[in-house]
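After this come two complexes, each holding subunit A, first together with subunit B and then together with subunit C.
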Partner chain A sequence: MAELLVQQLVNWITLGCIYALLAIGFSLIFGVLNVIHFSHGDVAMTAPFIALALVQGSMAVVGVTGPAWLLLAVVVAVLAVGVIGIALDKIVIRRFRDAPAMMALVATVALGIVIRELIRHLYPQGSNPHAFPRLVSGMAFEVAGVSVSWFALLVVAITAILVTLLFVFLRMTALGLRIRAASEDRVVARMMGIRDSRVFRATFFIASAIGAIAGLLFASYAGVTRFDFGVMAGLLGFSAAVIGGLGSMPGAILGGLIIAGIEVLAQTFVPDGASYRLVFVFLLVIAVLIFRPAGLLGRTVMEKV
Partner chain B sequence: MRQDIASSASPGKSAAVAFTVASQLVGAVFLYLILKADGGLQIVGLLALLGLGFFILEKQPWIAEQAMASFARVPLVSMITAGIIVVGFPFIVGSNTYILHLLIVAQLYAVLALALNFQLGSANIPNFATGASYGIGAYVSALLAINFGLSFWLTLPVAALAATLFGFIIGIPSMRTRDTYLALVTIAFGVVVQQLLNNFEWTGGPNGLVGIPAPSLFGHSFADPLVVFGWRLPSQANFYYLSAALVVVAIITAHRLHSSRIGLAWNALRADEIAAKAQGINVAWYKVLAFAVDAFLAAFAGTIYAFYVSYISPDNFTFLVSVTIMTMVIVGGMDNIFGVIVGAFLLTILPEKLRAFSDYRLLFFGVVIIGFLMIRPQGLFPQRMRRYGGE
Partner chain C sequence: MLELNDVDTAYGAVPMLRNVVMSVQAGELVCLLGPNGAGKTTTFMTVCGVVRAQRGKVSVMGKDIAVLGTENLASLGVGLVPEGRRLFPGLTVLENLRLGYDAVSARGPNFEPQLEKMCALFPRIRERLRQLAGTLSGGEQAMVALARALIGEPKLVIMDEPSLGLSPKLIGEYFEITQEIHRRGTTILLIEQNAEMGLSIADRGYVLVKGKVAQEGPAKELLSSKVAKSLYL
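Let's turn to the complex of A and B:
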């Protein structure tokens, strides 16, 4: 029993970190643009495909392969997805930032369809699942008879580093200050001489790059990636951001851990829980929002008349 | 130009009659051509024509004004013309069952879009669970028919009742949550229903339910061809007329609700919730009511769908189905009954016709939706001002 518990604890933290990274992207973009970027999950899940393509490309051109090439491919993929995020904002999402919220939601859902279909057509045999390597392999140490993998440690370390960096960036740099100002009040921020196009560019780059890291970790965790993984990744990341409270970074992390927690709990303790896990996740989402309508750590905004 | 607008506000009676009949016939011919069209070039040509039509409408708004004034001037004529076109369409289409199938599905989606329009259009409440209500209607009626041998006509009200109950349940969180948070609540409900249908033993799991018996009316089974005055229409014609009748019911319901105090209350909610509350409108009740009405109508569409295809599975009622219905309302024009119906027809027929682009059809579909939203964000037919009698 203890072994099972520790094992599930490790799974929970790994998965929770990945969801938290996805949720941070949703929260960041919503905070600044007031737009739900529903295709964020799909953007994130392009990263594993870009990395795979790069690895295979380098193998075909240079003829060598190895962990160093994989690492390089991963870094390039993360940067590329950041740029893709900026491009999507420029071409599509920006036009909906003043439109009714539902319009932006529907537009980004359609954008998600386009991204998925593009992956399916551009990547060779894109309709099939593709194996994705573990970024690091091997077992790090043993706790109560359960060996903890280097991969789990890597996920936790990356999440901790990213969250710290993001925190420092938002609190201590000028650009971070501008982003926070724009997310508080875009109009006033503009009046203070903050050019919002720069803020949007920075926000989308950061959110998409963090999403790409989450996507790579997710593909690596599952060992496989497929063009339509973005739907569920997006839905779960969005749910995590919302139950944590949109616009709140600690909320996004908390939300990710909660969503992953209920998923792991359902799989472990409920008979046939694996097939019902989404039911439990979304029932929890409903319950949280009934009792905390603005999310767990969200600010309840008093409406002024 | 100014003079034109002034005089077009009240067209002459004969001009109005000519205009209504002509415009409806043009619409019907266009629909027929699109349905018949086959091969990439023809589709692209017709789409370009459609785009041009909307471009002209955008540049010359008096055309739409004129149309509305004409329809209002001679409502009886326009209704009779529409009736003749709808009744006569299967005779023109003849034995082409594929076109009839498309029309049936388009009509069912028109009902779903009208159902959602009560919320999204009238009251601006997001609802991503219309697909789930649709599924509940389909499953309840199918289960009753398969397990208890209930007839189609009996399952119809039962399914509607069950879905309405579901609508009330989703409506309850709507009293506390709003906007994006409410959108997530409805998404969550939709996913939960779809996942349960996918996992329960008694709903057939992912395989769904097979062998739903065809309904019959006055001894005429809907699985048999329809014979009218020696004309032999394929069996799909039965369902075509059934779903057309449902569309008529939905339109009448929508129209009556829109002009009632309920519709007014929903519009007030959309304009300003706090102001509506201050006016003494029971905000919570009207919100929940919007969910219930949506679910009620969606269940009717679901029941007809289940009996029509005689096979349903959870894949028919996913999150993406709900998104498609939402897109129909937004693309067509929120709170505009005619626009919503056009949106439903367009977005049902378009993906089918894009099969000419075989594998690229979903990609194309997504691009078209984004294009629509960017170019004409208020929808093809924008919502109109309420008119309180007089001028």
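Let's turn to the complex of A and C:
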């Protein structure tokens, strides 16, 4: 029993970190633009396909592969997805900045479908699942008879580093201060000489690049990636952000851990829980929306009508 | 420094300003008065470029605001105090002031001396620097909003109803500071509902009624005019 609990604890933290990274992107974009970017999950899940294409391309063209190539492919994929995020904002999302929220919502849902279908049709055999390698393999150490993998440690370390860097960036740099100001009052931010376009560019790059890292870890954790993984990644990341409080970074982390916790608990203690795990997750989302609409750590905003 | 030439503004189909003509010359303290709904805040928003004029031209520091854009005002030396203070509530007082400074000056080594000047002008700010702006009292927020506009040493300051919600004692203090800033050479457009206080420190004034300039002239004349008196005093 102790072994099972420790094993599930490791799974919980690993999965919770991945969901938290997805949720951070949602929260960051919502905090600054007041837009729920429903295609964020799909944007994030383009990263494993870009990395796979690069690895396979390098093997076909140069004839070499290995951990160094994989690392290089991962870095390029993260940067590329950051740039894709900026491009999507410029081409689609910025047009709905001052439009009713419903329009932005429909546009971003449609954008997600476009991304998925593009992957399906452009990637060779895009409808099929594609094996995705573990970014690191092997066991790091043993606790109570349970082996903790290097991958689990990598996920926790990457999450801790990214969250710290994001915190330092937002709190201690001039651009971070401007992003926080724009997220509070865009009109007054403009009066303070802050250019919307720079703030949005930076926000989309950071959110999409962090999402890409989450997407790569998600694919690596599952050992496989598929063109429609973005739907589930998006729903789970968005749910985590809603539970924690959209726009709140600590909330996104807490939401990610809660959702992963429910998934792991359901799988461990409920008969056939793996099939029902999402039922429990989304019941919690509904409960939070009913009883605490601003989320566990979110700020209640009074809307002037 | 500021010129509105035959300006019309509307929110959708609702006209707000009609044929507004007004100007503020260098060194002046001009007061724009008007009752609720007269279009004072719309004038502020139009001057800032947040609301586009449908007709006519708004020039700030000799440049057309429609071309210039709101975000370039600060670098031209225009400090803004919007209605309701509108500090960034989740940012500290220091961060709010830093943004006001960065808006005018490229990030440089001169922030500290400027901050010191603001603390000397508004002594209550000093002990609140690390506090979140949203947790300050109304009076303190008013002082921080003014300090945020002044910290970059602007040539022109535009204030939208700064006395709104302040106690009579604080209003007096606020207008004294405004007068002092003007004496030091800053040009000011003060948009106010408190006609007596506004005109008592202004050089000239405009009275806005239902989106139109109903009267203009030297502040002393306006103070004694029947139109202004019937509207406010």
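The working rule: the second predicted complex is superposed on the first by the 301 of 305 C-alpha atoms of A that agree within 3 Å, B and C clash if a C-alpha of one lies under 4 Å from a C-alpha of the other, contacts with A are read in each partner's own complex, and residues count from 1 in each chain.
Here, a residue touches a chain if its C-beta (ideal position, glycine included) is under 8 Å from a C-beta of that chain, and two chains touch if they have at least 3 such contacts.
Bear in mind the structure is a predicted one, so any value in this text is a computation, not a measurement.
Three-chain overlay on subunit A, with subunit B and subunit C fitting side by side and no clash.
Look at A:Y276: by the touch rule set out above, it reaches subunit B but stays clear of subunit C. Contacts of A:R95 after superposition on the shared chain: subunit B is touched, whereas subunit C is not.
When both complexes are overlaid on chain A, the residue A:I194 reaches subunit C alone and has no touch with subunit B. Of the two partner chains placed around the shared chain by superposition, neither subunit B nor subunit C is touched by A:I84.
Between the Cα centres of subunit B and subunit C, as seen from that of subunit A, there is an angle of 80°, stated in steps of 10. By the touch criterion defined above, A:I258 reaches neither subunit B nor subunit C. In the superposed model, B is the one of subunit B and subunit C that contacts more residues of subunit A.
Looking at the shared chain after the overlay, A:E184 reaches subunit C, while subunit B stays out of its contact range. With chain A used as the common frame, the shortest Cα distance separating subunit B from subunit C works out to 13 Å. The residues of subunit A lying in touch with subunit C in their complex are 174, 177-178, 180-181, 184-185, 187-196.
The touching residues of subunit A, when paired with subunit B in their complex, are 30, 36, 92, 95-96, 99-103, 105-107, 109-114, 117-118, 121, 231, 235, 238-239, 242, 246, 272, 275-276, 278-279, 282-283, 285-286, 289-290, 293-295, 303, 305. Interface of subunit B with subunit A (complex): residues 120, 124, 126, 172-173, 176-181, 183-185, 187-189, 191-192, 195-196, 198-199, 274-275, 319, 323, 326-327, 330, 359-360, 362-363, 365-367, 369-370, 373-374, 377.
For subunit C in complex with subunit A, the touching residues are 48, 50, 69-75, 80, 82, 86, 88-91, 95, 98-100, 102-104, 107, 148.
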